[in-house]
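Letters A, B, C and D mark the chains as written, and numbering starts fresh at 1 in each.
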Amino acid sequence: MKNTFGNSVAVTIFGESHGEYIGAVIDGLAPGIKVDREYIAHMLTLRRPDGKISTPRKEKDEFKIISGVVEDTTTGTPVTLLIPNENVKSGDYSEMRTVARPSHADYTAECKYHGYQDSRGGGHFSGRITAALVAAGAICKFALEQKGIRIGSHVKKCAGVEDRDFQDLLWDIETLNQKTFAVLNEEKGEKMRKAILEAASEGDSVGGVVETAVVGMPQGVGEPWFDSLESVLSHMLFSIPAVKGVEFGAGFKISDMRGSQANDPMGIAGDRVYTVTNNNGGINGGITNGMPIVFRTAIKPTPTIFKPQSTVDFKTMTERVLEPKGRHDPAIVHRARVVQDAATAIALCDALAMRFGTDWLK
Amino acid sequence: MKNTFGNSVAVTIFGESHGEYIGAVIDGLAPGIKVDREYIAHMLTLRRPDGKISTPRKEKDEFKIISGVVEDTTTGTPVTLLIPNENVKSGDYSEMRTVARPSHADYTAECKYHGYQDSRGGGHFSGRITAALVAAGAICKFALEQKGIRIGSHVKKCAGVEDRDFQDLLWDIETLNQKTFAVLNEEKGEKMRKAILEAASEGDSVGGVVETAVVGMPQGVGEPWFDSLESVLSHMLFSIPAVKGVEFGAGFKISDMRGSQANDPMGIAGDRVYTVTNNNGGINGGITNGMPIVFRTAIKPTPTIFKPQSTVDFKTMTERVLEPKGRHDPAIVHRARVVQDAATAIALCDALAMRFGTDWLK
Amino acid sequence: MKNTFGNSVAVTIFGESHGEYIGAVIDGLAPGIKVDREYIAHMLTLRRPDGKISTPRKEKDEFKIISGVVEDTTTGTPVTLLIPNENVKSGDYSEMRTVARPSHADYTAECKYHGYQDSRGGGHFSGRITAALVAAGAICKFALEQKGIRIGSHVKKCAGVEDRDFQDLLWDIETLNQKTFAVLNEEKGEKMRKAILEAASEGDSVGGVVETAVVGMPQGVGEPWFDSLESVLSHMLFSIPAVKGVEFGAGFKISDMRGSQANDPMGIAGDRVYTVTNNNGGINGGITNGMPIVFRTAIKPTPTIFKPQSTVDFKTMTERVLEPKGRHDPAIVHRARVVQDAATAIALCDALAMRFGTDWLK
Amino acid sequence: MKNTFGNSVAVTIFGESHGEYIGAVIDGLAPGIKVDREYIAHMLTLRRPDGKISTPRKEKDEFKIISGVVEDTTTGTPVTLLIPNENVKSGDYSEMRTVARPSHADYTAECKYHGYQDSRGGGHFSGRITAALVAAGAICKFALEQKGIRIGSHVKKCAGVEDRDFQDLLWDIETLNQKTFAVLNEEKGEKMRKAILEAASEGDSVGGVVETAVVGMPQGVGEPWFDSLESVLSHMLFSIPAVKGVEFGAGFKISDMRGSQANDPMGIAGDRVYTVTNNNGGINGGITNGMPIVFRTAIKPTPTIFKPQSTVDFKTMTERVLEPKGRHDPAIVHRARVVQDAATAIALCDALAMRFGTDWLK
């Protein structure tokens, strides 16, 4: 479905970097869900470039909701969000039209859209579109919180510097959701920021890993085969620009373990079954087991750098050397984590509504 | 859609480990595609346990095609495959019914199916079902080959032993598709098998990494956002049992690189654009760029081991120690690679039919 | 999705008239639903030609269930039904391969499948496939009955003879579900059968109208726009071969009414809202209002007749006169009503599971 | 998918009668399609109430396109249309909130949305939303015209007055697409308008039948079973408010015919197969045969009338007599035909893109 994700709760996104608006439609949300505009604004602020380690493009993200919400409550019909684009300097991008920026979508857009794509600022491929995803996800994330489901992410790794692991999950999530540069260990965060600025000063960029935890998910959600919860979440996560890997629980590390290490021993606490370790990331056989869902994404370094790169002009079919100018992020991993929270919330709302019905989130 | 994957070419799988048949329906395949029964049988043979490093359960996989094929050619209507189950010893599994095997789906099946699940041999969660997926995928893989699209996978890592990287891709793929234990370096393969047998002798199991390459994919396939080709492929790959991670191109390693290392420089060879490196795994902005698609999955160690494990009886809600008996694989990574080939073929057929129409594969 | 219908409860059908089996997969049914084999057999018997006013082809319909059911109870995973084809005389159909039977799908199959279609006995287009739909629908219909939702249909019109209207709905439905030739007024039924035999004796065929009532549907099911319950039901109903019209409530007659006649006055009985008339057929704005859902389909006369007809040989592209031989029904309207019951049950199960969750039908 | 229709070309609609905007997102349109703003404006004008036989609510429908179009050409990414609501008098509707208007969706909205629905002016159920559908459909209809596919509809019947049948289809379509009150025989149109005004003067309303013809559809589009072209079109058509019946070709009349009358004799003209009659409405076995696609919808009389009606207050659960005030249409059939054209165009674009690929419409 291309720009629509979900079967019961379905989000459609639209817009281009340099158009009048970007936006999203959230269809299928239960009626009677509180819509907290400050919560949305807060998540948009966290996603926004901060001007130091991010692009100086100023994004105010003054969203408006034009349907589906009455008196800050969902009606049950499509919720539509619009975010105006501002501070657009199209001129910066004029050279890009036929000269592909390596590791960007310029050339593949040409292959698919045959020259009709809006290439100003990345057009529909622009990370800018994630603002719409964040706004839509903020509504979903807030709704999940009312049902006791909490989502939080941190920059697990950036420029090779690793943050500490999750410990007290609820506390960690609470803390992270307030942070602009979301790390659990501030010293490590400081090192990351230094490394980012260092790369920036060399005209280069860095990547990282974003780790997400979801606490409070009901058991029994997900499907054995093609709609395993891992399938559904990864489908969503790989639509976040720059994500090149997704892993659950112990992830790739589990492939080096023996069964006796990897298997999560089970026990009973009160009336609940739990696992002592969580190498499976809260999902067995595609279905939630009630433990926290934990996953990580690999975020590639921002492809736009200020160093000469070999590339091609796909119109004239000649080789070229590119030295981009403009406003760009030396790292996006700290902003991607907000997108990851939002994307996760959308995918979970859909899975829950499929499982428990359209009124469940109410 | 749970047990159905795809929009234009759609595969539905069904069956349980100890039922009469497992099977698959492939809907939407173009008419006029050759169905090579030996090719299917060959892939089923590669997936089958070999009795030494796999479970001694003998699976003959005498599939039959009961619809959609006339004179070994697709008619364009649903192709249905049935594979009879044989050599079933239900008794071995009787203890399992309410005592959860750690890292299996026993407990989550209970959460979802409330005691009605067929738990004999893993029921619908059993790796046995992948035989149906392999048969369906074999038809798709063969069809893709006629269009010049080749898929091949190897055991990139097993029990910590690493195979060499892909080099001459077409040659490597050709070779791997003939091998029972698919590695590019036979010495490494020997070491892996030794490590597997060693783990087995200790009642333990090992995991690994399966790496797949696809050569010959047309450019311009995939979508910018929710149906990025990475999204679609990972959706499919995470439905393979035991997969806990998926990464494309440089994958998680790209998160440690700088942009100047990660970006794939572009050049022109004849009338084609190529990239010098392939850290993006053939996909930019969710869309194929014409370079080989390369990805890896993390396969967890077989959860069934012959060591005592702490677990629970979810019926009586008491803690238990489990010491499984039965027939099981000390490793499945070498069998998973066949499933991965098949799953990939199905997902690509769907993406191609969506892009170029229902007759394209003909 | 071509041969798959539904989002939460999804039915896939497969097979050809002269293949080994036809069948269906029902995915997404709640676990713990009773599967009554006699109920299925009963519905298959009602659909079966009776040898007098239907084709003498003997169909025993000895179905078997090969997955998803343990001890006559659904497990929650895909339920697969197989029905073997018997008594196949392929020879009768040899002339048909390139000479199109008017108003059949022979020519359009050629347009779509380019000569690869299985044209023996109509192949995948054959009414025979509806046996699989009936078997799948029987499971759904029985499940709905356990939840107090009753479905029944009658031959409202055949060969111009009209049956009486529904009166005491529950009683009428109960009665109809036991009848081979389902009419509410047996005298009218006798007239219909005579008219059918008369047409048959002239080598001709007749059509009719099938009317269905659903009692006990919960309120609030369906969607305002594209998934209005009328949209979803008509989507399903138009996939029954020979259906050329679908109307709800007063249907086409409502277009001649004034608003003051057409509007259904509302009242309160106990704790329920009801409408005095039911011109809207139980659906307002796409959503159920709790009144019976009532709709009718127009069934065209069986296209195979034993009179000379002008047609074409689409291979040689020459005009031809066709005089078919073989076994065929002079009317199918009395058999179509069973298919209509089954198809309705499937569509409603899906709508209910989407609305109230996957466990609701349990 | 509720407010999204389509798999390859997918339209999402949103908005409420009294919100700031209504709108639509068209996803999956090929790149390079001309977007003719005057064509869209023209169709919106035709849909708009004319103030005499329609509601005096003034709708200017000053749409804007905020994404997916550059220099009046589609980019290939989502096209988003916004239409501002104007001239809103919310006060008129205040009584409606809990007193159900008979045959409206007020009560079913309550059943589904539990009091959270936006009930001002019908909210998301309002016919007003069809303006967004018309704008989206206008883009699709224009695109189809560039490929030689023409769509046109007329008021086949209104208040019991019948228009003449289609004759010279292309000419008829051309003419109808210019008319505000689309009939083929102006005398009949005059009689219809008189009957409408007469009903209006009595505080009543009338219904009608809208007939559509599609010329130039390629052969071989549609599917044998669940995605028969009739299924897909009727799914869309039944989402148009007030549609209570859909019939193809001879429709319900075919049920009174004998096979020898109903069957369409086939012949050859040049290199094309044609049928002498078109009782099947251009579709056999769910697939287009190259003849014009012809269908009719039954439009119920506008439910809002200015006569006392028995109804209920669903909040207090008391019976009430309702005498609505406000601005309403004594007939909508002449406006519905524009919606029908638009809806048809959307459904056909999707079917064609599924069949021939995403670039076909370019």
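Everything that follows uses one rule, which is that contacts are C-beta pairs under 8 Å (C-beta built on N, C-alpha and C of every residue); 3 or more make two chains touch, one makes a residue touch a chain.
Just so you know, these numbers come straight off a predicted model, no measurement behind them.
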item	value
Partner chains shared by chain B and chain C (touch criterion as defined above)	A, D
Of C-D and B-D, whichever chain pair has more C-beta contact pairs	C-D
Centroid spacing, where centroids are CA-atom means, of chain A and chain D in whole angstrom	38
Intercentroid distance (Cα basis), chain D paired with chain B, Å	45
Centre-of-Cα separation between chain D and chain C, whole angstrom	27
Residues within chain A bordering two or more other chains	1-4, 7, 13, 77, 112, 124, 224, 359
Footprint of chain A on chain D - complex, ascending	1-4, 7, 10, 12-16, 19-23, 25, 27-28, 31-32, 64, 66-68, 70, 73-80, 82, 112-118, 123-124, 359, 362
Of chain D, residues touching chain B in the complex	7-8, 77, 224, 354-360
Touching residues on chain D, where the partner in the complex is chain C	1-5, 7, 13, 100, 102-105, 107-109, 111-112, 124-125, 129, 157, 159-160, 199, 204-209, 219-228, 230-232, 234-236, 238-239, 241, 243-260, 262-268, 271, 273, 275-276, 279-281, 283-290, 298-305, 307, 309-312, 314, 317-319, 333
